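Both of the next two complexes hold chain A, though its partner changes from chain B to chain C.
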Partner chain A sequence: MKALTVLAADEFKAPGLELFELPPIISGVTWFTKPVLLALLSSLVVVLFCWSAFGNPKLVPRGIQNVGEYGYMFVRDQVARPFLGKDADRWMGLLLSLFFMVWVWNLMGVIPFLQFPVASHIAFPIVLAGTVYLIKIYLGMKHQGPIGYFKNMMFPPGLPKGIYVLLAPIELLSNMIVAPFTHAVRLFANMFAGHIILAFFSAVGFWFLFEKLTPLGAPVGIVSVVMAIAMTGLELFIQFLQAFLFALLAAMYIGNSLHAEH
Partner chain B sequence: MTIAAKLLAAEGSSPIMPHLYELVVGGFAFFAVLFVVGKILTPRIQKTLAERTEAIEGGIQKAQDAQAEAQALLAQYKEQLAEARHEASRLREEAREQGAQIKAELREEAQAEARRLIEAAHVQIEADRQQAFAQLRAELGRLSIDLAGRIVGESLEDEARQRRTVDRFLEELESSNAAVR
Partner chain C sequence: MPAMSEQERRPEDDGRDFANAAWSIPSYILSGIILYGGGGWLLSRWTGVAVFTPIGVIVGVVLAIYLVYRKYGR
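And then the complex of A and B:
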């Protein structure tokens, strides 16, 4: 503790977990923090965008409807149809909401001044992954029967009997615990790490170019700023990729529940 | 707030532990989006996309129909054209035949006419000859009698006998003539 206070005075300190500890925006209202504000803002953005795109759709699309349809087609052709086939259209509402929601949450990480990826607070991915998890179990029991669902999951047909001793517990663990956990944590960890990386390079650049400008330190600062810009580009890609992946996994889980594997 | 204090606060809560209020707000934020986007807007765009597919398919169908119609019309025209050509050639053939026939008929007629003219001319010539012959015979008789009278020195009293003699002579002459001819 003492060492930390000493260090803080004059030496560079890399940003860490404190990046994610944000005080309430209005003092006294403890729940109203920056991620909460951004989560609400994201919902507003998604709703407004989708409303202007799909609210009054035309047969011949114009302007923002083109953009929205591009997103819709992407989710339908890359996410829904490969896993859900003819059921794709019924689940497009959920998958489209998930995709846009996660993407806008992630984009909040690079929008100037906002600059905080909502999904880097694990509560938000948990809400989405938990919803998908509940839907998955409900659909599995509905379409395969309460016992059939677990039987199909743990004892996929066509394997030698001895294998089931190993396979059954692994499959149960994987489907019931690991899958929803990784579904949420994959998104959370990517956004968490991405935010730290961006903060780190920005902090190094700021430190060496503004706070302690020295002939030796300046090149480090410049490299750092360049890296921060490059990493922002990479982060944009990862943000999209994670949104895509999150919707993809949701579609996969739903598809597996609708039709028993194998 | 010093950095150390911030660090302490960070150590106080793990980033992997969700805040309850964030779960609540996140749930609200997501279900609001799910309701508006998933329940209200997605069916709208799906309906529009289905309508668009239908419209495009209808357009394609229409174009195919038009093309088929055009092709049928073209085939019909071609058939009509071939028919017209066939008809024209048939007419030409017919005309040629008729022409040939007319030519043959005309030639036949002309030949018949020529024959008829020649025939008439022959008849005329024969008549003329007969007439000339008759005249000549009368003249010859008179001249012969005249001459014979002069030679004999006296006119023969019985004219009827004279005439018979001349006629007999002439008939002999004529029969010898015919035998020669």
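And then the complex of A and C:
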């Protein structure tokens, strides 16, 4: 970054945190910013998609129902069944919504003109992860009893007696604080970093090809544009992966609350 | 009532165990580091002996890995 700043004598400024500080869309309504608008739009997209895919199902699926069923089967076979077994079908509504919701949030990062990944504001992943966390604790206490839940969590069977003193605190901290924290942060950090990387390569390309076009600078600009395109491809993959992981971890937490680990 | 009895154990539980272990490891290791590394850091502050912090971190990681091994390893 430093080297670039020196090369472009009058101040190339790398994009930074200001990318995420967006003004209200309607002045005066401070809560209504771009991420909020995109989150609302995403909800609408997911609802409309599921409605048109599953609202009037045919025995032989065609068109959008086909696409929807692919998504459903993916979530069921890769996310729900491995962790929930015979309970999988009961939780498909939540898991499918989570998966599609997070994926569309993330996709907003590469859709031209919208170009802002909703989850790069950590409040959004916190709400989803927090909801899953509450569900997890509620189900754990319901299915294992309020005391049994913590007992099963902190004292997994099969360990030598004395060692519980050392390991029980790790279990408690891991399950109650670190797990929900990383659940939200993993999604947030990936989207945040991805957005900065895309903005950086685009900014460098724009600077060297349009703002300060020089024979020496042009190749740097071209490399940068190529990188921006390549990174967009990588982002598409990461966006899908993070949506998948988010739903997968939700399924895992729910599964562990329904049946104690052993 | 809570813990699953032996008869209830189905073959697919083994796959579930593996996935559980794989996704729990980072969280356990992080917890081990925070807990015992933090304890070591406090000990270092009180005693002035700097070496307690890295010892605590290592003990935390070892305990976390041991926990995962005993829970899922066999």
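In this text, the second predicted complex is superposed on the first by the 253 of 262 C-alpha atoms of A that agree within 3 Å, B and C clash if a C-alpha of one lies under 4 Å from a C-alpha of the other, contacts with A are read in each partner's own complex, and residues count from 1 in each chain.
Here is the rule we go by: contacts are C-beta pairs under 8 Å (C-beta built on N, C-alpha and C of every residue); 3 or more make two chains touch, one makes a residue touch a chain.
As the structure is a computational prediction, the values presented were derived from the model and not from experiment.
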Superposed partners chain B and chain C on chain A - clash or fit: fit
First, second, both or neither for A:Gly148, with chain B first and chain C second: second
Partner chain in contact with A:Thr131 - chain B first, chain C second, else both or neither: first
Touching partner for A:Gln239 - first (chain B), second (chain C), both, neither: neither
Which of chain B and chain C A:Leu167 touches, first, second, both or neither: second
Which of chain B and chain C A:Phe54 touches, first, second, both or neither: first
Partner chain(s) touched by A:Ser224 [first = chain B, second = chain C, both, neither]: neither
Residues of chain A touched, compared between chain B and chain C (which is higher): B
Which superposed partner A:Met252 touches (first chain B, second chain C, both, neither): second
Touching partner for A:Met101 - first (chain B), second (chain C), both, neither: first
Centroid geometry (CA): angle chain B/chain A/chain C, rounded to a multiple of 10 degrees: 90
Smallest separation of CA atoms, chain C relative to chain B, angstrom: 19
Chain B residues touching chain A - in the complex, by the definition given at the top: 2-4, 6-11, 13, 15-27, 29-30, 32-34, 36-39, 41-49, 51-52, 55
Chain B contact footprint on chain A (complex, rising order): 1, 4-5, 8, 13, 16-18, 20-21, 30-31, 35-36, 39-40, 42-43, 46-47, 50-51, 53-59, 68-69, 72, 89, 92-94, 96-97, 100-101, 120-124, 126-128, 131, 185, 188, 192
Chain A contact footprint on chain C (complex, rising order): 1-4, 9-10, 12-13, 15-17, 19-20, 23-24, 26-28, 30-32, 34-35, 60, 63-64, 66-67, 70-71
Residue ranges of chain A touching chain C (in the complex, touch as defined): 82-83, 85, 143-145, 148-149, 151-152, 156-159, 163, 166-167, 169-171, 173-175, 177-179, 182, 248-249, 252, 255-256, 259-262
